[in-house]
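Look for chain A in each of the two complexes below; its partner is chain B in the first and chain C in the second.
Now for the complex of A and B:
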């Protein structure tokens, strides 16, 4: 965007102003994109959950009820803004802002399409993890500032849940960091080119005979000594197709559900138990701000999950269009943006699906699930990811003579890595699941037992 | 106490009772199979809800929603909301006989009715004059429909009565009346069960209702028009068969045409809901005209009935009685009250044309008719102002009993009844004339 503006009005304005305007435009676009998706998501969630429950859902406002979110928004705007008399006014006011702002900031680093990233941050993953944790502060402010028992209970639960699930989520993302050799989100889709399971390891033997529609030039993992190679690229080398990526994805997605307070982890809201949790004392646009924050958080987490494990904007045809060069690059960008959006919406559909199917967990079940199941799985997955990287990329010198895989082709090494990590992950998953479901030792109080 | 090693149920006696521990063996690994099954169920619901509706209860998936104002469920026959009154489609006769059973049983006491009275005699007849149900206080118990011996009151399926006019929920007879066909449509099997009994009872009751009493208000005009049509249809028929009665026919035809015109006039008027038979001016006018026409042709009519051979005793008797009554009326005749006439006149509207077309052969009947005519003439001669009303009263009887005599059903009870009624009406008219005299 900056470059485009420079070429248009570079002579008329100072450079810093151009950069400022460019980023303002980009920010506006991204926020509108997210809010537009939010509106559709509200509508889609109500309609889809309705169908799952054999209902129709809102279908009166506009065609198929599409204008329902608009009607809701009008309602929200016209509602009275109520602040409880004993509430801490400023904390009460700032809480929705504090919870929405970090969520919106998460959108800055996600690559929305091929070459469409607002900011290229080389610590994007760290940034996302750090920023998303801030929204917990907003929830706590809401609960505390409302001076309401239910709100405080909800806030406590929310913070406990967020803190607990940050750990498996971050650990699962660590797998990605290990695989990618860096924290930049921008590189992730590029690294997930190729074909399922094998990734970009099926190389072109004869550079002249390889069609640019099927083969593309892949720069190998950062830190790898390998030269750029021509590899078969269908845009399907998503990490979710490998054992490491699959386990990481499952763990991260479950943790993301908990972070986004989606059913079955909607304990902080739990409207059947504690009214609406930390949102109890909110009405009108403040409530709507929380609502938007929650949906955009889900949107951003789905985008992150898609980018980290489902190949991001990667998909069949993108590389081929990009290789054709010229104006086709823009078509490739548009197609890639569509792919990412489709993946986000599929993940969002799964969220709705889970909401339609499962009841809410108890708090102790929630904690058990995070600490006894997800975290061990994520830790094992880091081990697998490390093995994967070392098997596919390390030279004999790096192995320091333990194993020497230098003689194998890259697809052979990938295959070995997949098999090894699959064995490790399956065994670990089986073991962790079985120790988790072993019944507790039944102990009778000896004094109560009567001799027969 | 270790129980895990034993394969079957073990029992432990504690101070709080026995504890049973069941060893279920090594469980299968639970890795979310149950969750996936649940997801599968939900997805099937989602998929089917997109494509079809839930139509029968055995179906498990599909959209359950009925979008009410546009879509409606078929109500079961036994559905009941508020009571309605039934009337016969063809004759317009209400099934209600004003027996007050529903009013008595109604728990919230929201049913109110007035029994109809014969305006001529003042006696109660088995029909209802006005019927009110306060829908707003009705509790839809259906006891009125259950208790009704004539199947006249039934529970309707209509349930959309939301209104901001409270008083509008007190419904009168015109608002409660529904044709039997309507009830048959909403509850076919229920009506089929009681149909025969109800119709039989209705036929019995109709005989005890003079003229248009007990006819659904909204049907009165229709019924009148229909009767006039029947009159027209029957009037020209005898013209070729009895060429010798031409003058009679002409007069009768004229009467019928006049009656029809009057009926049309009545139809043309927008009939208000409170319009009832006795107050219908146009109808009364038609009746008077028809009666006058009948009187005009009566002499000829009677004279030409020389070649017939029927001998209905009852009809003769009735005719004689009518003649006597007419004589008495003529003797007492004086200024007559106008109100006495119409009830007596209504019968001729339908009866005169057949009378004209027929060839009454009964001598006694003839004689009675002649006497009646004479009496009427006398009455006309005596009371100049009273003649218009008194004479028709006298004529009503002979004209109404001649048709049965001619219709070759000597034992027709209805005909006899009609004759008796006519006689009674004439008597009544005489009595009222007497009253009028007393008043003066």
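Now for the complex of A and C:
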């Protein structure tokens, strides 16, 4: 974007202004993209849940009810803005902003398509984790500023849930950091090229005979000084197809459900218990801001899960189009953006599906689930990820003589790594699940039962 | 670009200072915590301005995301939130002023006296990255291994301490009844009262009932 603007108006304006304008344009595009998806998501969720519950859902406004979100938006704008008399006026006002802003900031580092990245931050994964933690402050402000018991209870629940589920989520993302050898999100889709399970390890033996439609030059093996190689690339070397990626994806996705307050974990706003949680005292556009923040958080988390484990914009045909050069590169970018969007929507559909299928957890079940199941699994997964990297990447010198895998071809090493990590992960999952399913011991003394 | 950075620096600096002053002067303690959070945020922005991305993000993650949430939790679990009638200054406020001033002087005087302010311009080309994640990691694992390990052990000790504080011995552990069980228990008691000539002795002392595990 900056380069395009420079070529157009480079002579007329100082450079810093051009950079500023370019970023403003990019930000606007990304925000419109997210909000457009938000509108469709609200509609899709209502329709799909209605379908699952044997209802009709909104179907009057526009074709199949598609304009319902717009009608809702008009209603939200024109509603009276009510502030409780004893509320802390400024905190109450700022809370929706503080919870929406970090969520919007998360969108900045996600690569939305091949070559379509708003910014390249080399600590992007950490940035997303940090920024999503900030929205907890917004929820706390909402709960406290409303001066309402239900709001405060909801905020406490929301923040406790956010803080405790951050740990498995971050630990699951650490496997990605280990696999990628860095925290940049930009690199992740490039690293997930190739074919399922084997990744980009099936190399071309005869450089002249390999069609550029099937083989691409892979330069970026994670953290290694390897020369560029020609590898079979169908755009399907997603990490979710390896044992490490699969376990990481499952743990991360469940933790993301909890962070986004999706249904099995919608304890903070449990309507049947505490009205609407921290949103109880909000109406009109302030309520809508919370609503937008929640959906965009889900959107961003789905995009992050897709980028980290499902290959991001990687998909069949992207590399082939990009290799054809010329205007086809733009076609490749469009196709890749479509792939990412499709993955996000599939993940979002799974979220809706879970909402239609599962009841709400209790708070103690929530905590047990995070600490006794997800966290141990994620920790084991880090071990597997390090083994995976060391088996596929390390030279004999790095192993310091323990094993020497230098003689093997890269696909053989990948196969060994997949088998080893599969054994570890399956055994660990089975073991941890069996521990958790053991009937709990009697943990209390019957004589000391608390009477009403 | 340099003037722009200077202007941004000044904006952030003023913001941090105002937020910090507000933290210690506002009467409402929750507002003080919120001002403190914005001050932390400003410091993170300063790190970003110095292109120390890792430090900036870590600042936001640790201080804004974790420490401030802890502070807010702690405040909301304490009583007397309406601090407007509380005194801001104790009689010994001058000691509280003296100690930080002395500490600050200890830090700033040697710095001002000995620091080489006229830094040579960095070599052209690759800018020296002082604060990338990799450099920090290497420093932790090589030069500063001992402080790093000590900090890790301290955190572990704190965690174990928290568990010890919250732990209840198995003999003293009490179960919280579900609503159905409470109703059943109450019915049983009413029947006992109805059938027995003298009032039945309650199985639980009322004082015990208040301190149950939640």
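Convention: the second predicted complex is superposed on the first by the 439 of 452 C-alpha atoms of A that agree within 3 Å, B and C clash if a C-alpha of one lies under 4 Å from a C-alpha of the other, contacts with A are read in each partner's own complex, and residues count from 1 in each chain.
Assume a residue touches a chain if its C-beta (ideal position, glycine included) is under 8 Å from a C-beta of that chain, and two chains touch if they have at least 3 such contacts.
These numbers were taken from a predicted model, which means no experiment stands behind them.
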Can A:73 be said to touch chain B (first), chain C (second), both, or neither? neither
Once chain A of both complexes is superposed, is A:53 in touch with chain B (first), chain C (second), both, or neither? first
First, second, both or neither for A:357, with chain B first and chain C second: first
Mind working out whether A:141 is in touch with chain B, chain C, both or neither, as first, second, both or neither? second
Which partner, chain B or chain C, is in contact with more residues of chain A? C
After lining up the shared chain so the two structures overlap, which partner does A:331 touch, if you call chain B first and chain C second: first, second, both or neither? neither
For A:433, is the partner it touches chain B (first), chain C (second), both, or none of the two (neither)? first
Taking the superposition as given, does A:123 touch the first partner, chain B, the second, chain C, both, or neither? second
Chain A residues touched by both chain B and chain C? 444, 448-452
List the residues on chain C that touch chain A in their complex, please. 1, 4, 28, 30-31, 34, 37, 41, 53-54, 57-58, 60-61, 64-66, 68-69, 72-73, 76, 132-133, 170-177, 182, 185-186, 202-204, 208-209, 212-213
Under the definition above, what is the set of chain A residues touching chain B in their complex? 48, 50-56, 353-354, 356-358, 429-430, 433-434, 437, 442, 444, 448-452
Can you tell me which positions in chain B touch chain A when the two form their complex? 1, 3-4, 12-16, 19, 21, 27, 29-31, 35, 38-39, 41-43, 45-46, 49-50, 54, 61-65, 67
Using the touch rule from the top, collect the residues of chain A that touch chain C in their complex. 15-16, 88, 91, 121-123, 126-127, 129-131, 133-134, 136-137, 140-141, 144, 152, 156, 159, 163, 183, 443-452
